[in-house]
Amino acid sequence: MTSSILEIKDVSYSYGPIKALDHISFEVNKGEIVALLGANGAGKTTVLKNISGLLKPTAGQIFFENEEITRLEAEKIVEKRLILVPEHRQVFSTLSVIDNLYLGAFHHYKKSGKKEIEQDIEKVFGLFPILKERKDQLGGTLSGGQQQMLAIARAIMSKPELLLLDEPSLGLAPLIVKEVLNYVKQLRDEFEVTVLLIEQNVSASLKIADRGYVMSHGSIIKQGDSINLLNDPEIKEAFLGHTVS
Amino acid sequence: MNDSIQFLISGLTIGSIYAIVALGFVTIYSVTKVINLAQGEFVMLGGMTFFSLLKLGIPYFIAFLLTIVIVMAIGWLFEWAVIRKAKGADPLSLIILTIGTAIFIRGIAGVIWGKNSVKVEPFTNNEPLNVLGASITPQSVWVMVFMLLVVMVLYFLIEKTMLGKAFRACSVNPAAARLMAISPRKMSSLSFALSAGLGAIAGLVIAPIMFPSYDMGIMLGIKGFSASILGGLGSAPGAVIGGLLLGVIESLGAGYISSGIKDAISFGVVLMILLIRPFGLLGEKNVGKGGL
Amino acid sequence: MSSLLQVKNVTKRFGGVVANRNVSFTIDEKDITGLIGPNGAGKSTLFNMVSAVFPPSEGEIWFENHKIDSLPSHKIAPMGISRTFQNLQVFKKMTVIENVMVGLHTRTTSSLAAAAFRFPRSRKEEKFIYENAMEVVNFVGLEDILEVDAGNLPLGKLRLLELARALATKPKLLLLDEIAAGLNHQETLEMSDLILKIRDQGVSIFVVEHDMDLVMKICDKIIVLDQGEKIAEGTPKAVQNNQRVIEAYLGASDEEELTV
Amino acid sequence: MVRKGVQSFSWKGIAVFSILIILLPFIFSSSFYITKATFAGIYTIVAVGLGLLMGFAGQISLGQAAFYGIGAYSTAILTTTYGLNPWMTLVISLAAPALLAYLLGHTMARLHGYYLAMATLAFGIVIHVLLTEWKSVTKGASGFFGIPKIELFGFTFRQGLSYYYLVWACALIVILISLNIIHSRIGRALRSIHDSEVASSAMGVDTGKYKMQVFIISSMFAGLAGWLFAHMSYSISPGSFGLNGSILFLTMVVLGGATSIWGAVCGALLISAISIVVHTAGSHVSFITSDFEQVLYGFIMMLIVIFLPQGLVPAFSSKLKKITQSSVRTNKIPTIGTVKGDQNV
Amino acid sequence: SSEADGEGKKEVYKIGAIYSKTGPGSPLGEPEWNATELLEKQINDEGGINGVPVDIILADDESTPEKATEEMNRLINDEKVLAVLGSTTSGASLAMKGIAMDSEVPLISAGAAVGIVSPAEESKWVFKTPHSDAHAVERVYMYLKEEGLTNVAILADSNAFGASGVEQLEALKGDYGIKIVANESYNTDDADMKTQLTKIKSSGAEAVIVWGTNPGPAIAAKNMKELGMNIPYIGSHGIANQSFIDLAGDAAEGVIIPTGKLLFPTQIPNDDPQYKIISSFYDSYKDEYGEEPTNFGSYGYDNIMLVVEALKSGAKDQEAIRDYLENKVKDYVGATGIFTFSPKDHNGLKADSMVLAEVVDGKWMFKK
C-alpha cells in the first residue's frame, strides 16, 4: 500500500476579496509524480504557495509525512525537505550562479559539510553543463532558460523529499524540456523524490506523471491516472487541442 | 609639507569614523535594502552609554563591552518593534520611518542625558605621537585600528561565509530566500543588531575625541550615509574607501581652500564622483538587461 | 517585396560572453519571421538590439533606410517598431486601459505646458488616445477588465496586455518575445489566431518562441540561432528537417522517447 | 462609466477643497492657526512639486529645500539690495531654480535610487553652505533681513488673513496644474516610468526628457514657495533651507502618499496638524515639556509609516475619492518576490 | 503658566517670551527660558507689579524662525501680550522683528546679530539686551593691544553666533591695529579642528580667537594642545561656563574670554553696582536649577526685568512700554550690564559691561 506523503484537506485561500482556492482536498503518495493541471488563473500556483508556506491557508489543513504543517513558516517547511521551485524562476539575480547553488544547500549546509555540497554541485553541473560554464556569471544576466535551469538546480541542491515544480519547462527549448522532465522522472526513480508538478505542457507532463488533478476556478474538477486523463475528451478539448501533436 | 601630513592625518582619523558608520549602513542595506538613517543615533547611543557606564564606576573595559551589548540590544529591539511592523512599506517610507525613529531616539536621549556635551577619557594614555612632523594622538590610531578590524571582519562575513550569502539572498529576493530556509526576519534582526554594534563601536572610539552629546548622531549619520554611497552601496570595502576619502577631502579642502566651505567642497566632490561613477566607487552596476 | 528590417553582421559581447556572433538576416514586409534556438542562444539579446535596449558591439541594423543600431530606445517606437517582453514588463500600478494608453504616447504630441493648463488641443488628444486605446483593447479582447490594475492580472491576460500596448503604437514591425510562454494550449491557439489577424492588417512580425507548434504554424520564415550564431534560415518545413537544427534544438522529433 | 486615468478629473474635488480653504479662517480664527495654515500652504506648494517628482517621475530628492532657498534668496536680494518690485522678482524666483534644475538634471540623469538621493543631498548641502558663507550677498548665517512686503493695487499683503489667502491661491493653482499634468499623456508616461522604465522607453516615452521636465517644474514650485516665504517674513536665514527642510518636505510627501497629488497636500497639512497637536498637548499635559515634543513628533511619524505605509491618501483613497474624484489610486499588490531592479527606490 | 485665565477679569500683565528651549540654539536658550520662569515666580511671590501679577507665556521656537513666527503671531494676536521677549537666535529674532514692527508690539531680543536693533530708526519697536559682539570684541582687542599681540587668527563656528562675532572682529580690527592672519571656521558638530589649527599654526598668528559655544571651543583647545600650540587662546562669552573647563580639562588653562560678570558673582568687587543683582540672581538660579545661569541667563533676566520696570512705572500698553524703554531706561542696572537706551541705541550697553576672565586651576577667575 502506498502511504501519502502530502495531504491537503479542505484548503481555502483568498487574496483579499478574491477567492483563489475553494475547499481543495487531494493527496500525493510517496514516490509518485502527480501533475496539477488547469487553465491560467485556476489557482495552481496558489496551491503550491500554500503548501510551501509562502501563503497561509484561510481554512483547512496541510499534512506532510503525517505531520501538520499548515501554520509552519516557509523556512521551517524547507527544512523538512519539502522544496518549491517557484513560478518565474526567482533566482537571486545579483548573486553568482554558484552562490545561488550554495544557497540551495543552506538548510543542510552544516550537516552535510562543504565536501558533500561541492559534490552535489558537480552533480547538478552534470545535468546542466551550461551552468558550470557560467558559474561566476550573475543569476540575473542568464538567459531566460538558463535561469529556469538554475532554479531547478538550486532546488535539487536542497535535497528534496517532495519537490513542488511550478511550470519548470517555462521558456525552455524543446530539447531541454524533454531533458528536464526526464530528469524529474529519474529523480523519482533513482532518488525516490516525490514530485508535484504544474505544467502547461499537459501532454508531456502527463506522460511522466502517474496521476493528475485538474483544477478550475479554485476547485479540483477532475482527477485520475495519467492515461485516463490523457484520453479524457474534455481534457483533450481544453488543453491538448484536437490532435495531440 | 608638515601641514599637509597633518591635514592628511586629521582627514584619515575623521574619515575612519565615517567609514565605521558607513559600514553600519552597508550591513543593514546588504540584508534588507533599508537605508537606516537612525544609524547615527546608534553612534550617539554608543558614546553616551559608555559615558554613563563609566560614570557609574564600571571598569573601563567592561563598560566598553557592555556598551556594545546594550546598543546591539537596542538595534535588535528597533528592528523587532519598528522595522518589522512596517511590512508593506516601500524603501522611501522606510527611510522616513528611520528618520522618525532617529528623531524619537534623539528626543529621548535629550531627556535622559540633557543637552550638554560630555567627556570620556581616551582608551590609553593620550600623549600625542610625532609622525613626520605631524602630531597624531593614540586615540586616532585606535580609531583607525578599529576601523580596519571592523572592515576585515565584515568583509569576511559578507563575502566568504554562508551567512553572508544568506544576507545577500534576503536583499535580492526575500521570498525566494525563504524557500532556501533562510529566514529574512532573522537575518534582518541580525543585521540591525550587527549594525547597531558597529554604531556603538564608532561611538566608543570617537567618544574621547569629540565630546559626545545627544545630537551628535545627525552629522555622523549623514556623513556615514554619504560615505557608503560614495563607496558604492552594499560594498564594505567601498564604505571604507568612501569614508576615508570624504574625511581626507574635507580636511584638505579646509586646509588648502577654506574651512568655511569645506562641506561644500567635500559634497561637491561627492557629486562629481557620482557623475563619473553613477554607482559609487566600488558599487556594482544594476544587473544588465539579460533576462528581459 | 522590400525588406523592412536588415540586420547586418551583428555581434554582441557581454564581457567574455559572446551572445551573438556575426548574425545577418532580413525581415520582409507583412511577413511573420520566427527566431528559435536553444536557451542562451542569444535570441533575447538580438531582440534587445533590434528594439535598441542596447547597441550591438559590432555590425549594423537598418529599418526602412534608417540606421537604428545606435538610437536611444525611445526613438525606436516612433519609427514603427514595437515589442513585448519575455519577462513581463507591464505597468503594474496602472490599469489595463492606462497601460494601452501609454502605447499611444508617440502618436500624440501635446506638451507639458499644454497639459498643465489644459489647452483645448490637449483635451482633444486625450479623447483621441482614449478612443484608439479602446479600439486596441477590443481587438485583443481585454474590454472586460479595463479598470483592473495590471498587477492583479493572471499571466494570460498579461501577455495580451503587452500585445495590446505594443499594438497601440501602430507598429510596422512587431517584436514578440516568447509571447506564448506560460499559456496553455487553448490560449496559445487563440494567441496564434490573434497574431495572424495582426499580420493581416499589414504588420510585420518577428517572434521568438519555444512553442514549436505555434512557430511552425504561423511563421513564413524561421531563423535558427545556436550559441550566438545563425545556423539555419528558411521555411518552417525546411528548418524542421534541417539536421543541425534538430541536433541543436528540436531533438529527435519523437514523443515516444519521453515515455521510455 | 468611470474613466479613471483619462483626463477626466472633475472640478468637484478642487471646488470642495477650495471652499474648505476659504472657510477655514472662519472656523479656526486664531492667529496661531492662520500662521500655521499659511506655512502649510507654502509647504504644500513645495510638497506637491516634490510629490510629482517622487511619485510620478520616480525620483527622490533630498535637496528640495535648496530650490526653496534659491527662490527665497533671489527675491530677497533683488528686492532689498537692488530695490526691484517683488512681482518682477517672482520671475527670477521661478527662473533661477528652473535653470539650476536644468543644469543639474542633465548631470543627474545617470543616477538612480539612493545614488540620486545622495546627489540631491549633496546639492542641497552645497547650496546651504553657499547661503551661509557668501556673506557679502546673503548676509550670512544670521539671516537676510528687511525684505519688503508684496503689494497689489495699493493693497499690502501682511502676515495674517491676506497672506493666508495669497498663499493658498498660489497653492491651488499649483495643485490644479499638477492634477492636469498627471491626468495627461505625460502623466501616464511618467507613471509608466515608475513601473518599468524599459517598457516605457520601448513605448517611445523619452524618459530622460520627462524626468527633466518634472524636475524643473518641481524646482519652480519650490521657488514659488520660497518667494512667498521671503515676502511673508521680514527676514530669512539659511537654516530654513538646509537638510532639515528637505527632510521635512520628503516626510510630508511620504506620509501623505507620493502617488497622489492630494497625498502631498495632505502630507503638508498633516505635518502642521501634528505639530499643533503636539503643541496643544504640551500646554495641557504637564509632562509633555518642550523637550518631549520631538519624541512625540518622531513617534507619530513612526506610527504613520507603520500603519499607513502607502501614505495617508492612498490608504483612505476610497473614502477620499468621493470628495475629490481625481486622486490617482495605487493599489499595491503583494507580489511575491518579483525580481526587481536593483537599487531603484 | 496661564492659570490666571479662568478666574474672571482679574487684572494680569501678560508678557510673551519665545526662547529656543530645544534645537541647536538650546544651550543658549535654556538658561534664558529658565531665568524667565524663575523670575515670573519670584515677581508673583512678591506680590506682582504694583499688586498686579504677571503672566509670562513661554514658547519654544525650536531654534527656527518659522516656529518663532507662529508663536509671535499667537502671542501678539491671540494672547494679546504687552510685550514679547526673545528669541535666542538671530534668525528667529529677525523674523519676529518684522512682526513686532507690523503689529507695533515691543520686542526685546536675546539674539546676537547687530541687525536686530540697527539701525535704531528702523527698529522702532525692537530692543536687545545681550552684550553686543562689538563690546566683546573691543574688550578682546584692548587686551591684545596691551599685550602687544597684533597678528591674530580667528576660528569661529559657522553658525549665526560665530558669524556675528567674526563680523565684529573684522569690523573693529583697524581701530586697534590688529591684523587677522587667518580666518577659519568649523561646523557646530565637527569632531576635529586640527586642520584649521594647523593652518593657523603656520600663519604666524600670535594669538587665536575662538568664537563659538560648547563643545566646539573645547575641541579646539584640546586640539591645540595636541598640536603643541601654545599661543594665547582667546574665547568668546559663549564659553563662559564651567562645562567648557570640564570638557577641555587641562587644555582650558590660560584661556581668556570677555564675559558678563555673572560668571563669577563672588569675585567681582563688592562695590560694583551690579554686585547685588548678580549675586542674588546667581544664587536663586543655582538653587532652582542646580546649574549656573551663564551669560545667557542674564539676558533672560534683563529682558523680563526691563519690561517689569516699564510696567512698574505705570506703562500699561504697548506704546507706553516702548516709549519707556527707549526714553526712560537710563543707567539701569541689570545682570548683563548697565543699560542706557536712546532713540539711537536700542542695545544700550557699553564695553565696560564686559570683563575679562581667565581659567586658572580649572576655575574661571576674574582678570580685570
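We just call them A, B, C, D and E in the order they show up, numbering each chain from 1.
FYI, a residue touches a chain if its C-beta (ideal position, glycine included) is under 8 Å from a C-beta of that chain, and two chains touch if they have at least 3 such contacts.
In UniProt terms the chains read A, C = ABC transporter ATP-binding protein; B, D = Branched-chain amino acid ABC transporter permease.
Fair warning: this is a prediction, and the values are worked out from it, not measured in the lab.
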Result of counting contacting C-beta pairs for C-D and B-E, higher pair: C-D
Most distant chain from chain A by Cα centroid: E
Far-end chain from chain B, centres as C-alpha averages: C
Centre distance in Å when chain A and chain B are each reduced to the mean of their C-alpha atoms: 43
Centre-of-Cα separation between chain E and chain C, whole angstrom: 74
Centroid spacing, where centroids are CA-atom means, of chain A and chain C in whole angstrom: 29
Between chain E and chain A, distance of the C-alpha-averaged centres to the nearest whole Å: 75
Sequence positions of chain A contacting 2 or more other chains: 54, 86, 88, 90-91, 93-94, 140-144
Contacts with 2+ other chains: residues of chain C: 14, 44, 53, 85-87, 89
In chain B, residues with contacts to at least two other chains: 110, 172-173, 175-176, 260, 263, 287-292
Interfacial residue positions of chain C with respect to chain A in the complex: 14, 17, 36-45, 86-87, 154-157, 178, 181-187, 189, 210, 212-213, 248-251, 255, 257-260
Chain B-touching residues of chain D, taken from the complex the two chains share: 54, 60, 107-108, 110-112, 114-115, 117-119, 121-123, 125-126, 129-130, 132-133, 198, 243, 247, 250-251, 254-255, 258, 291-302, 305-306, 309-311, 332, 334, 336-337, 339, 341-343, 345
Of chain E, residues touching chain D in the complex: 2, 21-22, 60, 62-66, 69-71, 73-74, 76-78, 90-91, 94-95, 97-99, 101-102, 111-113, 115, 122, 158-160, 162-164, 167
Chain B contact footprint on chain E (complex, rising order): 22, 24, 26-27, 30, 158, 184-187, 189-192, 194-196, 198-199, 202, 214-215, 218-219, 226-228, 243, 246-247, 249
Chain E-touching residues of chain B, taken from the complex the two chains share: 3, 6-7, 9-11, 13-14, 17, 110, 115-119, 128, 135, 137, 206, 209-211, 213, 215-216, 218-219, 251, 254-255, 259-260, 263
